[in-house]
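Chains: A, B, C and D, in written order; residue numbering restarts at 1 for each.
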């Protein structure tokens, strides 16, 4: 990549993914919590499955687009791996990015298979997601040889979000449907997305002077900036969660429901803790 | 900060927080264990919620005070981030400390929302606490560039307590109400608090000669000293736990209770293990 | 080892083991899922136990063969540890490999005892496997002193698979029969096997020019190559899992079954998630 | 310490502790497994509690002896921390070892309180053990400045056992009574004990020539040797477990029992897996 748009593009993808997931999981959680007052009209099992299928297809589609773009746009390697005449590897960067897309594509494909057929265990989609993120972090980890201090640092900070997300997705294999883990994953996705934008602004500022990549004060500022991005991501997820919860409740209130349901809600309230965990 | 009082102040806050938590969780645990002999009079669900709300408000209040103090007292940056005339970042240290307070403030705010409304899942308060401590450790981690050996070492030791506490708080998301984890968190908070005082005494001794910051014997002594602080923190938490347990039991004994309750207690005693876990 | 065949041989073993396990666990999982339509004819508890006994015996046998081969073939140390006349350790490499085989042999022996007698707790076989892999990684970790950059790197990449597998096997102590963890372990075993082959090709190319072991581009290519091996391993396991599932279902369809069983299947479908986890 | 006996002494303690624990947990596990054929005669709840009290007292006693020995024998610091006349810390090594004993003493004291009174939650004894081992490893970690390569290496290897044991003890807080974790802890204790002896033999050979502390071949040999110690520890624990199981069963067979019990045993056999975990 090595350009502003080369960082802004994946950043935008992760931002959209994070916001989409935050909305999706908030809706499903609200549906589960209000099950006894008829919330299943808003999000039935069938519609959930449909949503998953669409999401998986979109991920798969953009992964293939990403691979093709890396290979053919901007003097890409065009699926040629080794340059025999000059005896060196052809555009290793593009190949690495293609590999990252490949794993997200695999995660999408497996998720698609899981939700269209009954062939594979359900928890596999989270494992594939964990592997895709782990692979992304793994390639970034050995990606940074010989760069300047600030360049290395901003990419290392990215690894916190990536490996953190891989870990959270792996934990979801065992704690599927835990809203805390789901929202944490959304937060880390948004963090990753906005940090890609930040990397673009720091390393390839579209306007204004260049940053001094060897100044330690810049390293300290950038570290702090990462915390702010995290706070921002938490804010976005909170607002989304709250909005979706309110909308679900208000739509349920406008429709009649059974008295029994109402009573049950009140009864179960003090024990909602167990349900959430 | 860079002064004795700059370390003593957060140290005092953590000491107070640790002692407060140790008392609170000991009381609640004693209440749960003696439920069948009428202990709910001492700490009902409503009073527990009230306590949480007060605690959250206090944390939120002091976080805001902390941010304002860092910004305006002692030549702070007054919310100015970049000094354009001299082309450097303005008071990065104060900004970093403000960021730490910000995350504790967020944890307080979220906890306040959780316990006043039903909007968010209960376990979120522990996740926010974990993130606040993680963020504190994260900023400290990249905070130490170019300092002398002993200075780096005393701050690194602090990271054991901070990251340990972040981990314990994260585990509480899944094991809420586990008294072992709660007391461990209290211990690590007190350890953190007393170690802040120790850092103040080592780096900025209010009286007596300065420490040789490059002597390896001092590093070894300080490491051992950290163990003693841990032992001290464990002692404080034990004494608090024991005192609260005794007070709860003695107050329950002075009041009449049902015979049935008594029998149940004796019956359940051998199985208390399951209950605790 | 230090030769092409010295890496290809263990690589082949791990490949075979990974493929075998993938088949075995897929079969058992398919059996469990289709229990109520009579799948136990295909894989009864007795036949499962027999399979485990055969597998353990094979592992034990090849471990002993491996130890003997390392000691006696190709100028091995012949169980002589110290060369007194020349005052140095005798063939430390061979001894290290013997030690690795020893731990796999122990895992096989313990597994054999567990499945023939009732003497030991069942979960012990996974712990022994975890220890065997951990020991392999542990010896590799201190195996790399003074080698060239690429040589160190390809072996370090191997450690990801080895320690990952040790961790997964240890998790299986607590989550025995979790198909996700089992398939992940198979994947990592195949990854390990194919990577051993890759190491052979990189360090001791049987034909063509030697690799430049100090070129950083080669390091980056090899890292990416590792991801491809992982994708390949995932593909192999998926194909195996899918094939076995199809075969089991088609064989069950050709035989009559009870109506009751059919109804139960349909009923339990939406909750299959819980069963899998 | 810095002498052969200074490593052999703690080594012997850990060996005895590991063997004792292996016996104890094997006995209790055998008791639990054969509960329905009257095994509670061999190890009742009361006798278990008595055993725990004796064990805790012994640990507490030897910890105090250890502290006093470090302070007063062999020119110890006699509780004097700082040498004012010469301006240096007094015998930091002895103080560090005293601190290690202190934490084991605390673990013993807390365990004693837990098993004599009902004051504290049961799982606390495992947490205290975890903290004691963690503290031991923590002090060793910053103990090695400026030593020669082999000296550092043998102590680093020790850290694998110590931190591993701390981790296992911490996991037992949540999985109390899991025989796999208990036996693993015994194994690591014996490994630690026998490795202390090995360190004594390597660094202070009582007879024969000194080792070359800078030879990398010695580092490799010592690493392999550590694996052998682990295999040895596993063997010892296995033999103990097997012996205790056989003795318990043979003693139960010699006495009459109820028919009902027998039937129950056979019934529960296939599900023993769940019971173990």
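By our rule, a contact is a pair of C-beta atoms (placed from the backbone, for glycine too) under 8 Å apart; a residue touches a chain by one contact, two chains touch by 3 or more.
Given the structure is predicted, the values throughout are model-derived calculations rather than measurements.
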> Fitting the CA atoms of subunit B to subunit D, what rotation angle results, rounded to the nearest 5 degrees?
Replying inline: 90
> Computing the C-alpha centre of each chain, which chain sits at the greatest distance from subunit C?
Replying inline: B
>> Counting residue numbers used by both copies over all numbers at the interface, does the subunit A-subunit B contact come out same (over half shared) or different (under half)?
In response: different
>> Roughly how far is subunit A from subunit B, centre to centre by C-alpha average, rounded to an integer in Å?
In response: 31
>> Measuring centre to centre with CA averages, how many angstrom lie between subunit A and subunit D?
In response: 44
> Among the residues of subunit C, which are close enough to touch at least two other chains?
Replying inline: none
>> Can you give me every chain pair that touches, using the contact definition above?
In response: A-B, A-C, B-D, C-D
> For the complex, which residues does subunit D have touching subunit C?
Replying inline: 29, 160, 175, 179-180, 183-184, 216-221, 223-224, 226-228, 230-231, 234, 238, 241-242, 245, 269-270, 272-273, 276-277
> Which part of subunit D faces subunit B closely enough to touch in the complex?
Replying inline: 45, 88-89, 92, 95-96, 99, 102-103, 106, 110, 118-124, 127, 131, 135, 138-139, 142-143, 145-146, 173-174, 176
